[in-house]
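Both complexes below contain subunit A, partnered by subunit B and then by subunit C.
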Partner chain A sequence: MRSERVVENLNRALGGLLDADPNTYLLGEDLADPYGGAFKATKGLSSRYPGQVLSTPISESAVVGVAGGLALAGNKAIVEVMFSDFVTLAFDQIVNFASKSVTMYGQWVPIRLIVRCPTGGRRGYGPTHSQSLQKHFMGVPGLSLYELSPFRDSLATFHEMIASGGPCLFFEDKVLYTSRMYLNGVVDDLFSFDHLDARGTVARVWADDGDDPDCVLICPGGLVHRAVSAARSMLIEDELTCQILVPAKLYPFDFEPVLPLLRQSRLICVVEDSTAGGTWGADLAHAIHGLLWGRLGRPVRLVHARDSVIPAAAHLERSVLVQDSTIRRAVKESLANA
Partner chain B sequence: MHEVAVPRLNANDETYLLVEWLCAEGQWVRHGEPIAVVETSKTATEVTAERDGILHHVRPARSECRHNDVLALLFPGPTPYEKFRARRDGDGGDDEDGDGSVEGPVLTNSARLLADAHGVSAERLRNLGKRVIKRADVARVVRTAEPEPEVERRELPRNQRAVAEVVSESHRTIPPGFVAVKVNVDRALACAGRLAHRTRRLIGLPELVVKAIGWLPAQFPLFFVTPLGDNTVRPATGAHVGLTIDVGNGLFVPVVREVGQLGITRISEILLDYRTRAVQDRGFGPGELSDANIVLALHNDPDVVLAGPLVHPGHVCVVGLAGICQELALDDEGAVAPRKICNLGLTYDHRLVNGGDAVRFLRAIKTMLEAPEELDWEGDG
Partner chain C sequence: MSEHDLERLLLIRHFENKLLELFEQGRLHGTTHTCLGQEYIPVALGALLKAGDHVFSNHRGHGHYLARFDDPDGLLAEIMGRSGAVCGGVGGSQHILRDRFLSTGVQGESLPVAAGVALHLKRRSPGEVALVHIGDGTWGQGVVYETLNIARLWSLPLLVVVENNKIAQSTEVSAHMAGTIADRAAAFDIGYHFCDSILPDVIRAELGPLVRKVRETPMPLIVEFDTYRVGPHSKGDDTRDRVALRRAADHDWYVRFRQAMPERFGAVDRRQRTRVAAVADAVAARPLSGGSNAF
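Up next, the complex of A and B:
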């Protein structure tokens, strides 16, 4: 049986949430049928759950504000920001209202709010529709960050976010939408995957089991295809064994399931789509240095996009954003330095 | 034959799904006729025949395809189509050119190079039962495929195994430098003769060189230290000279301790004892073979011109004494006269000692051997 596309899985997960609880709301621009959202993640949902799926005016601050209010009143609210670049317009609602509401009422108050953020470039959408802004939401008390992964049923991730009782951002790489979910432990003819924890939070991709890996790449879901492609060429052309870790939850990060593997690797490399400076990857690297100090053979390597706005022209965009070749070059360079 | 490629249907999808074939394998289709349905993430589209012909399905229905993949072949008539089918069936399968499209292991590039070089079959590699085959895996196959011919093996004697260990360690860990000086030994030999006559002992050039080395620790302390690694050394307490003795029963390096405190008579007695025991193959006690901090390698057989022995691990240098040679040279009046010379070499750990130091060290010995009358060889200090 063919696996469903990631966006179909996402659509099914959203439908599942709406179906399970009538007090679940899905808000955002152009969500309603027949359009069904810019990336078709909500296709068919407004027809099936008309009172719960609402197209909104084009004001991210207002939409997230309403959703925060729904959550404060005991509902579950999911917002789709059409392009995550514009989540900056809702920054105040997320950081100063939703995240703080959990603790500012004299007792713990659940805020079951999920802000979905279609993220990332490689589609030629230019500087204001291609960014990866995860780093701007790091370290906000009460706020958790998750990312769409082709290795994990989105419904499981949604359940986890709702069960946390706090507001969450869910970053969804736009290129991932039309690719297929990975099933039954198979990535391709060479690579397999499994999960390092029972809940399936962290996926591990590997080809050559047995030897300790030369490198462990840690990357969010959006970078999976580039990381696998880099791992393939490193294996075939350089005989370097890479394993890839894909966490569904980016922040706060749970190191427990990944530490045994990190201990065995000659190099740890964190790959992310954002530009350098105060990033998720830098935060992870710092924590790994503290946890494995004395065991690491070399510093944790970071791979980012170039310090630039993201051009719309495909060839220029490629030169700015992380490619499989960027990852391979960085890993080989780090492994060459003793 | 015409190839029908998958058209570009959508800017965002990397792959499409071939949903179904609308025309059967071997069916005659007309230009413009829909032959297959391909689905993108957004919609389903018909792919049409770009000319008339007999249709061959390259891909099965429900399979994934990419832009520009060959979807179908169109043959102009039954004859080329049948020929194609016959050739294909004759090849017995779908892996027509062995490009790995059937299930099989993936070879790394360097594994493939090695496999090709040794003609390792795909089947052998498949039998390894591994999904990824690296160079080392192919190397193992090659080794087992070409077993080493049975040869008679004999182990080296114990003593030589110990030598092998020491010289390998030296070669691996000590970056050596080497320098040699020529010494006129006419006067040294005459002096040795007089000393031998007077003491009734066997005294020759080796005994003089051992004694000479005993005078050097004060002036050249670094040549007698023990390197401890990390650019540190343990200072020496005196000259403990190891002597290479090999009379055909294996190489031994017994030690003459505290040479600086021994007269030439005592030194000659010790050397004679060592040589005798080596000849009689009586062996040496462990205490006699350890604690040297410098070695004199005796290569003083006739016609040996030069010797560059290896520095023992734990030492800074080794002195090599070559054989005595006769040569013609101009004397002070410009007349040609014979003289006896000997080359004295020094191999040294270049991390601790430089070429200039080595030359000064050798010249100090040379000076003593060329003017031996001025020294108190029998004294014990």
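Up next, the complex of A and C:
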């Protein structure tokens, strides 16, 4: 039997949360049946949990604020922002209310708020419906960033976010929705996966489980297919071994489970879809340089989108966003430089 | 007027005056926004609220806090960063959380949060309301309109109290608001009441039945108070001309109540002035607040 699609897994996770606790709410635009959300992640949920799943007006700021109020009153609140680009409209509520309220009153105030952000391009939606805005939310005290992964049951990630007691953004790559979850350690005929920690927060993909890979790619869930494709080409055509690390939690980043592998690699490369400048990868690279200074053979390599808006036309969009070929070229270039 | 109302009004007045005095003496750090002239609004509303109701306050929130909690000590310690502070000195003047009272410093930000709490109350403890204080200037924020729309659509027990002091920091209402608040309420099909009394008992008599409807229906309500800011927006930053300042001073409840009941007023006035002075001396002598383990 084929594994479920990522969006089906997500839907099941959301249903599980709503089912387990009647004080869990899910709010957003066009969530209710029969529509079931722009990407169908909420399909069936408003029928099963009518009082808990609320379709809202087009009002991102107020909707995240209402969810913040529900969380303040002790509930668990999940918001779906239809396209992550629109989360900018709720920036004040996320940064100045939900995140700060956890600590700014001189006492620990739990705010169990998750803002789901369908993110990324490669669907031709153009400059205001294709962005990856993770970097804009880094370094906000009290705020954690997570990303959907085909290697981890979303319910586990939701439980982790809720247990944190603070607000979280959950970035969900839109192309990933329709792909399949990876199960039983199998990625494809060449590649396998496992997890570096018991909770499954960091997945590792490899073809050759040996020590000393030529490269470790660190990438969020949305980059997995491109990273695996790049690793495959490099293995077959360039005889380079890559291992891929896929963390479910992007920020704050926990280096402990990944450090042993990073120490052994000739090259560390961080891959993401955000535009150039002030990236997640830059933050990770700085930390890795500090942690492994003196052991690194070369600087951490960053791969990200160009400093550009994301065009609508497919050929133009491809020229801006990270492709498997972009990753392969960057890795080979860095390894060629001693 | 009850003794309790008069005591509370004058507590807030002397608290705010003391803050301005401490600032002048260079003994306060940061900023503050006093509610001089507007104290009667939270004092009047206090008697209409139940323990389970939530109050959301804003940058001009000392009166809102002191009307709910007889705690000038904790609030001044918060503002001065001394031990005994309500929020460990982390929040300061405009970020206070205590039980079901919360203030925060961004205009309009707490309105949807209050709506979320109102949704919770509607589901879990019907009959309780979320009251949110905003000003005339707050109507410049888009999230206010987003929230009113949702509050009406979802029939939330949300009581929006607009303290229209006709000036947003330094910008007069004629320069920052087209149309009226009443018409805005009508546009959302939300109940609206205009209140120009400064007498707590009159205000309660007017609002009592309306607030009951907010609880029992439930349904949002907008109450607009015609009020005057007697003092500066913050400290020493009042650019109004003499005519405008005169008009505000003429509406000051302090002057009116003193004229109406000189002896009774004088006694309470002295008592609260002395009380606040003693609180200020005591708080200033305390060690700095330890902050908190949370932040």
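What to note about this one:
Here is the rule we use: the second predicted complex is superposed on the first by the 337 of 338 C-alpha atoms of A that agree within 3 Å, B and C clash if a C-alpha of one lies under 4 Å from a C-alpha of the other, contacts with A are read in each partner's own complex, and residues count from 1 in each chain.
Basically, contacts are C-beta pairs under 8 Å (C-beta built on N, C-alpha and C of every residue); 3 or more make two chains touch, one makes a residue touch a chain.
Not measured: the values here are computed from a predicted model.
Placing subunit B and subunit C on a common subunit A by superposition gives a fit, with no clash between them. An angle of 140 degrees, to the nearest 10, separates subunit B from subunit C at the C-alpha centre of subunit A in the overlay. Contacts of A:Gln323 after superposition on the shared chain: neither subunit B nor subunit C is touched.
By the touch criterion defined above, A:Ser179 lies against subunit B but remains apart from subunit C after alignment on the C-alpha atoms of chain A.
Residue by residue along subunit A, subunit B and subunit C are tallied for touches, and C comes out ahead. With both structures placed on the common chain, the touch criterion links A:Gly65 to subunit C but leaves subunit B unconnected. Looking at the shared chain after the overlay, A:Leu235 reaches subunit B, while subunit C stays out of its contact range. In the superposed pair of complexes, A:Gly106 makes contact with subunit C only, with no contact to subunit B.
After superposing the two complexes on chain A, the shortest C-alpha to C-alpha distance between subunit B and subunit C comes to 31 Å.
When the two complexes are laid over each other on chain A, subunit A has no residue in contact with both subunit B and subunit C.
The part of subunit B that touches subunit A in the complex is made up of residues 11-15, 17, 40-42, 62, 64, 106-111, 130-132, 134-135. The part of subunit C that touches subunit A in the complex is made up of residues 85-91, 95-97, 102, 104, 106, 109-121, 123-124, 130, 142-143, 146-147, 149-150, 153-154, 291-295.
Partner subunit B is touched in their complex by these residues of subunit A: 2, 5, 7, 40, 123, 175, 177-180, 189-190, 207-208, 235-237, 239.
Interface residues of subunit A, counted against subunit C in their complex, comprise 51, 54, 56-57, 59, 61-75, 77, 92-93, 96-97, 100-109, 141.
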